[in-house]
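So the structure is just underneath, and the comments pick up after that.
As written, the chain order gives the labels A, B and C, with residue 1 at the start of each chain.
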């Protein structure tokens, strides 16, 4: 494929020579003469003169500073580069369809067309899978679980009973969906387990990273909304409703019964306490501790969380505190001198 | 079962009509006319008039504000509702007893009566299980592990060699018990692994969430005390002794050789450094970083941790810092003016 | 083995009677007359008179305070004790070599000499293992994965396609290596997955704890450097390069494209944001949030991270803030009084 042909596919304009053939995507430094590369950050624009890449995807603004290179100019360069990766590399080849003799599938299970069930997977009574699903080794699909079409469940994933999963959902290795929520009623110092009779619902087009744990609800459902993407080692409490098109970075934890709007983004290691609502499009910085409701279209950070502007102000003040203490000590001395002067003056006038 | 019959079973008093039949528990909003519901928070008392629930479990104080509804009044309403859930739903049906032909069980293993060992479970040499245990698929019970009666080990759990587990212990999917502690002796810049020759002891009635990791001790034992409950993705360091009846929320981490008393509660994402002691009944807020010993009956939070009252005071001050800086600047100006007046006065008197 | 024989092996000097036989290592409290113990902290020196241990490993400085005991004096006592544990206990016995009939190994796989592949392990097409590797049950070694010699992969570990692993690498149970990085290009509110065409490279002598998740790179490689050791539940983002001989405590998270030097140490629950560089030998305290580059040989902590000395100063100031506010209020009153005096004086002089 030539640069010009690729440009047409990814919605970019060629600037320079479009006749070079390209066969792969790669970083600026590791690129060869058949590589399409990407300018991730304007700071790196000087590196463009050293890369061997056949063409570089970038924004119109950056293109003007790029020098004599073959460029693929796109108004949304990150998306255009994504299109280039999809075009030249595609997604991971999934294993061939077919059900392994070494899988254990209960006789009551419904399997759609063209599914692949790999060795040592276990699918329990009453479970139902749509078409074109891939179940990797050592997965357990629990009793009465429903999975839609075109889902990929990587090795070691455990899906507890009654979980409902939509279409085009991907779950990475060793994640656990639908384990019991953390519910105990304490009486006389003993914690009595509350049966967790709810379930988990994962809507369409969700991707869950590796090693996550999503609690089933005590009553009703824990929900992960359409198009939402989780990174790794994320913990979601019982009854929490994660909205559509959210992005959660690794090690985020949301306690039970909280709710996020659509397009919420939460940075790594941030936590949200229980019974909290976070509005649409709100962004939460990494490591934030959210302990109150946050309206839509906010950027919050800190612990306890506050608007990011306030947090930056407070952080600045805190760092400059040592100066303030010194300043107050100086003021104190000057006031003492003023007071001595006044008292001396008073003394004189009393003479 | 009628409301009145349920009331007798769960230790609640009926207020209103007790003849309605009930068959399930559910939230206020999703309830139908055969549902027993629960008032989780006094704020929601207004919702009682809209729910279709047959009866609502609540406290005597809330009952007086509840209007014309059938009520199940209990002094410990959360525990009473728990009893209702147990009565009407029970706990998860465990699979039938029996040992799968597809499990691999070493010939030296001792299995108690009525155990269930599911396909692809592996039980290694010298391990011993009590009666009525359920071992789900893909569990590994390592060499010389001892497990008591009535334990449930969900899929994918890995229990390393020499671990000792009591009775009525539940471990959720993909948790790991007894992996090597994080111990290296560094010599000339190289980290040399210290054999971790201790083990993990989990006492009776413990429940461990999904995806946890509990290190074996270097020497002696890491201990999880009777009746303690862990949520998900919790990390416990080598040699740590978690006391009885503790509650740890998701993503808590305790470093090595620390010790908690009885009935300690630790909020999500909180961390405790090594060689720390936390007293009985002390509560640690979510995201707290504990770096010193804490006595009994405390509530601590913050990073580094301090008493919750101090933490709130400090948080308030920090948020109001920008005002303080401005205030000090104003004082500075006023002192300057006072000083100018004094110096001018001095000047006059010098004339 | 006598104390004197052990001393010769571990590079320690005997002080006292070296003829006692020793057979095990243990803590001071649990020791018996055949136990070698270790003084972990000078604070515990008084406990030496109560221990039954045959001999205690300690530093020359501590030896002088140790009273009439048999001592094993070493300039690096922690390393010497490690040598004693290795000598008397050795490392975990690995299972016998041989490939289980119950493992699924693709016909194209290359296995070195003396490997052990346990039941229900799966090794995919094109994978290659060196000599003396142990693959525990329920591991998945993905397509085209390369593993060197003398590696141990504990149960439930999932290694995605194209991962490259060096020699003498140990990976603990249920860790995941090479899952897709967290990369999406958002267009019109929809997050489009970017194929993650890079891989993970784990160099020689690395140990990875339980339940970790190491993302494959979008392009190029995520790298874990020679001799680096991870504790449990650690998340590493795509394209991150962890340097050689690093130590990461449990629940650390590093976002994508960051880079650490050699001998970096990061405390538990600390996080590093993306595109950050941390210099050689720098130490990051537990729970720190790193959001900027840090040069070599630093000790940093806090959130946002700062040098540990500054952090301690700021923490001290913050805790004493309430006093400062009170002090400023007092100054304000004294200034008011001074101002009243001046104005009264002015008034008089105007008469």
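FYI, contacts are C-beta pairs under 8 Å (C-beta built on N, C-alpha and C of every residue); 3 or more make two chains touch, one makes a residue touch a chain.
Please read all numbers here as calculations on a predicted model, not as lab measurements.
J.: Spell out the chains that contact subunit A while also contacting subunit B.
T.: C
J.: Between subunit B and subunit C, two touching copies, which fits better, same or different residues at the interface, with half of the numbers shared as the threshold?
T.: different
J.: Measure off the straight-line distance from the CA centroid of subunit B to the CA centroid of subunit C, and report it in whole Å.
T.: Going by mean C-alpha positions, subunit B sits 24 Å from subunit C.
J.: Do you know which subunit B residues sit against two or more other chains?
T.: 120, 138, 156, 174, 211, 233, 251, 269, 303, 318, 321, 324, 328, 331, 335, 338, 345 - these are the residues of subunit B that touch more than one other chain.
J.: In their shared complex, at which residues does subunit A touch subunit C?
T.: It is residues 25-27, 30, 41, 76, 78-79, 81-82, 85-86, 89-92, 102, 118-120, 136-138, 154-156, 172-174, 207, 209-211, 227, 229, 231-233, 245, 247, 249-251, 263, 267-269, 286-287, 303, 315, 318-319, 321-322, 324-325, 328, 331-332, 335, 338-339, 342 of subunit A that touch subunit C.
J.: Per the contact definition, I'd like the list of subunit C residues that touch subunit A in the complex.
T.: Listed in rising order, the residues of subunit C that touch subunit A are 104, 120, 122, 138, 140, 156, 158, 160-161, 174, 176, 179-180, 182, 184-187, 189-195, 197, 211-213, 215, 218-220, 233, 235, 237, 251, 253, 255, 269, 271, 273, 275, 289, 291, 303-304, 306, 310, 313-314, 317-318, 320-321, 324, 327-328, 331, 334-335, 338, 341.
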